[in-house]
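Submitted below is the structure of interest, expressed as structure tokens.
Letters A, B, C and D mark the chains in the order given here, with residues in each chain numbered from 1 onward.
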Amino acid sequence: MPQEMQRKKVVIDETEAAGWIKDGMTIIIGGFITSSHPMAILRRIIKNGVRNLTVIGSASSGLDVDLLIGAGCARKVISPYVAGEAIAPIGPFFRVAAERGEIDVWEIDESMYYCGLRAAAHLLPFMPWRGCVGTSYPEVNPDIKVFRDPINNETLLAVPAIKPDVAILHAAVADPYGNVQHVGTGFGDRAQHLAADKTIVQVEKIVPNEEIRKEPAKTSIVGADALVRAPYGAHPYSSPGFYIEDLEHLKEYVTAANVYAKSGDRGPFDAYLEKYIFGPKDHMEYLERTGIRRLFSLYEY
Amino acid sequence: MPQEMQRKKVVIDETEAAGWIKDGMTIIIGGFITSSHPMAILRRIIKNGVRNLTVIGSASSGLDVDLLIGAGCARKVISPYVAGEAIAPIGPFFRVAAERGEIDVWEIDESMYYCGLRAAAHLLPFMPWRGCVGTSYPEVNPDIKVFRDPINNETLLAVPAIKPDVAILHAAVADPYGNVQHVGTGFGDRAQHLAADKTIVQVEKIVPNEEIRKEPAKTSIVGADALVRAPYGAHPYSSPGFYIEDLEHLKEYVTAANVYAKSGDRGPFDAYLEKYIFGPKDHMEYLERTGIRRLFSLYEY
Amino acid sequence: MSAETAKDYTTKELMAAFIANDLEDGLGILVGANLPVPRAGVLLAHLTHGPNMRIIISFTRANLVNEPVLEPFEFITDWRASRWAEAYYIHSDFIDYIKRYGMNEIFFIGGLQFDRYGNSNLIGIGNDYKKLKFRGPGGVGSGDKGAHCKRYYIYTNSHSKRTFVERLDFVTAYGWGEGGRDARKKMGIPGEGPRYVITPLCIMDFEEESKRMRLKSTHPGISVQDVIDNTGFELIVPENVPTTTPPTETQIQVLRNRIDLEGILRRK
Amino acid sequence: MSAETAKDYTTKELMAAFIANDLEDGLGILVGANLPVPRAGVLLAHLTHGPNMRIIISFTRANLVNEPVLEPFEFITDWRASRWAEAYYIHSDFIDYIKRYGMNEIFFIGGLQFDRYGNSNLIGIGNDYKKLKFRGPGGVGSGDKGAHCKRYYIYTNSHSKRTFVERLDFVTAYGWGEGGRDARKKMGIPGEGPRYVITPLCIMDFEEESKRMRLKSTHPGISVQDVIDNTGFELIVPENVPTTTPPTETQIQVLRNRIDLEGILRRK
């Protein structure tokens, strides 16, 4: 078969993928609270010193977004929730950065989050929604307009389109051509992809096209613009079917972040960044520092 | 386990299911052109002599809708297309009934069809859409309003909610508790279900709950209000994974319908109704009349 | 199995039983990870009188009636809980589930602050949104669920004058607004709104006409005055305030043997 | 394999080759069942120069480059075509695919009538919508695709004064409206609109400024006058109208050996 008749493979490494993200861009991050965040790429973005990002978290964002705030990458955060359930009832950096005005928060709830992404996917300026009528959202986020619908004259909210430049996701497997399959439900990853200009997906494994074709109904994202092979790439968060959260690591993060939030001492957090992000030259070295014993201790049903 | 702690089984027969449909109701019918229409139930509805239905077809409706028109059940039709591809470029009864004003057509295209169903699922009066701006749809269907959006002042269409009383669908299997799985993609069946007050699904097979739990990702509809066991229930249309269309039967239908459309002679169509709908006492007798040889001739990969 | 009143139970078990008693069969309910009392209450209803409830767990829909023991999980995303799944629940599709599922579901809504009309706030504390004294985690799904579920329960582990306040700094979930039984109807909001407020001290409901918060029962060892002293607005207090109905022996057995083997609800 | 002009071909094969030549790699394209010429054109592009095209077939997404022979199917729903699937295409979700997929797709739009600006009508014929002389099948997806796809092709098997008319009775898909290169932009419509009109007689395009339909080439054996005589409005006719470029030998080989073994395109 002539060269030009080969399908294009879209596999790149995490360094190249992170290079897509430039100062001032709007990124949206896959996963949900403590699962399936594309940490290998996010760590590289932090290592690259990217600044002034608008960071759209998942519908319930985890400490992935908090880390980007703590590392100084985020200027604006779009998320209905930034925390870590029992581990961190509020994201420590999210809290102090918002209180001090170091970040802008574009306040929405989960329904408006998905409405905004849908509007973007529909190439529409807005989507109407009734949830949150009567709340403070339109006051604290003046981009949300209260309006009367053109059919029944009912009072609704107009949720503006949320338009990410790049969606960065983590999934189970993909073939080299950008057909992605999740284990589990994929949370809001599909909606994030459908709203974004470009989509980068890091996966636990690259698999042959034949594997995808065995269960085409499982294909959750078609045509990822780039794929990154990143085994354990969601660590310290869980990756359904592969590993659970690394609680010890998460507690290390929260402890360091809380020292800063409570006392202003960045020492422990800077040490965390050095150990896990600035020190390792790539994702594999990050995994080496974590250690194989720890990694496989997370490898449970 | 005490009786009251048993899960409720929702399996009924096609006669009882068809009994849910009363004169003047709005029904929505699953499938797509020549596949997966819930014919066992529709035939029973015709046999019951139900009148003045608002019939919402599938996004591309097949001759299922045409049959309901021909049998005198439909007063209003909501569909972007009523035909049978190469077999019938326009539904014969749809065509003449519309020309003569015997039915009202609520004219929409496929995108507005799904927008209207979404609006119903969202409990909203409308959904905005840009496709079909500049076309005649708002003129021929004055329920569709041209409006300016409250965020950017762009010209859009407001598509009113489409609110079926009952969705009637055909799928592959279900457990007795209303967990339904399709073979294939299910076309627009999910959206029809989510917009309707009640959902009846006829299936090729009732399977144990354990079968559903083996592949929960395949569950396409949760909580069907009623299930009907109807093997070959989509005949003469196809049922993915079970059987292909019965071309001979479809041609018999189109021939009879065309005689009426061209000459006004209802004889052949009345004979068709008698043979396949009024004559057989139930779905099994319909299958007997079709014959096992014919049925298994459709049983292909 | 026994409908007799249990002899020995903790307040958390009593709260779980109160929740269970109020949940009828057939509801859809999300079971999360970090609210052990609502989790236990929902599962208790499911296992004792709710065989047709639809439990949403780890983004799947499940029926757990035949499962002998229900292990808790530390995080809502824990995929190990999917082993009971009958269907997936794609999170981004939930806005499409409002009519057929959402309006048949009940929720537990928390907050940094609540007012007398059951409105709640998860954004933060402070007069100026741009300079919050305390930034909260965000409203999550509470604003939408407040409108788009059958009814909801306000649940908090903290009953104090800082949480039950005269006036919210922000409203993330609309309860009864400025009060009045038609407050929600006037706004076009379909859900029935907050039914009960469940705290470590007491159960409160909403007076039928004004929809002002009203003391319904106090938990064992808690006096009416304790509640009043810890509430930052004037609560409606009926002449007789009973003690919250204790769990039955059966409920305690099911809780301890099938739902809460770890004894999280037995810790003081 | 040869880039030489084929010696022997039918007009349908020529039309398929014209379509194939105009489709660049990477597009997403629906392959239906009852338009053999567009089907063949799309698959020809895919197999000869479009290895990264995404073919939508029987509600799945597939790549068919490595398939030796592509059997046709009688109906668009034929699930046997799913054996090539890499992903499912849930029809009701297509409205969510606009940005990421729809705007990268091309479509073939048919009609009962077309006007000089490429607007089309599938509703019916007659002045009064309530009393149509001829009721059509309905607009299907054409109205939305006309707005929400990268570009589209008008395709018809019938080139006559009844189909190419001075004025449409109804518009189901908006082409260039009342004309002018900014007609679509003024309406806020994102897609590039109709590119070519493909008929059994000729290929037409749209003049750059006015967006009036213009004769581009005639098929073998068809004169310019034939086209004019069968068109109900004044067509722009350039001084020199070439014959439609014939297929190459390679194209004919691929068509006959991998796409159209049944010879549907060879039937006169």
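Convention: contacts are C-beta pairs under 8 Å (C-beta built on N, C-alpha and C of every residue); 3 or more make two chains touch, one makes a residue touch a chain.
All values derive from a computational prediction rather than experimental measurement.
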item: Chains contacting each of chain A and chain D, listed by label; value: B
item: Smallest number of contact steps required from chain C to reach chain D; value: 2
item: Longest centre-to-centre distance from chain D, chain (CA-based); value: C
item: Inter-chain centre distance, chain B versus chain D - centres from mean C-alpha coordinates, in Å; value: 29
item: Whole-Å gap separating chain A and chain B, where each centre is the average of the chain's CA atoms; value: 40
item: Two or more partner chains touched - positions in chain C; value: 60, 82, 88, 95, 148, 190
item: Junction residues of chain B, two or more chains touched; value: 118, 122-123, 129-130, 154, 185, 191, 217
item: Overall pattern in which the protein chains touch one another (line/ring/star/complete/other); value: other
item: Contact pairs between chains, per stated definition; value: A-B, A-C, A-D, B-C, B-D
item: Sites on chain D touched by chain B in the complex; value: 33-34, 59-60, 74-80, 82, 88-92, 94-95, 121, 123-124, 129-148, 170-174, 177, 187-190
item: List of chain A residues in touch with chain C within their complex; value: 32-36, 59-60, 79-83, 85-86, 89-91, 94-96, 98-99, 101, 105, 107, 109-112, 114-115, 117-118, 129-137, 139-140, 154-155, 183-192, 238, 240-241, 244-245, 247, 300-301
item: Complex contact set, residues of chain B against chain C; value: 4-8, 118, 120-123, 175, 177, 179, 191, 193-196, 199, 209, 212-213, 216-217, 219, 222-223
item: Touching residues on chain B, where the partner in the complex is chain A; value: 122-130, 143, 145, 147, 149-152, 154, 156, 158, 160, 185, 217-218
item: Chain D - residues contacting chain A, complex; value: 49, 51-52, 54, 60-61, 63, 65, 82, 84-88, 95-101, 103, 148, 190
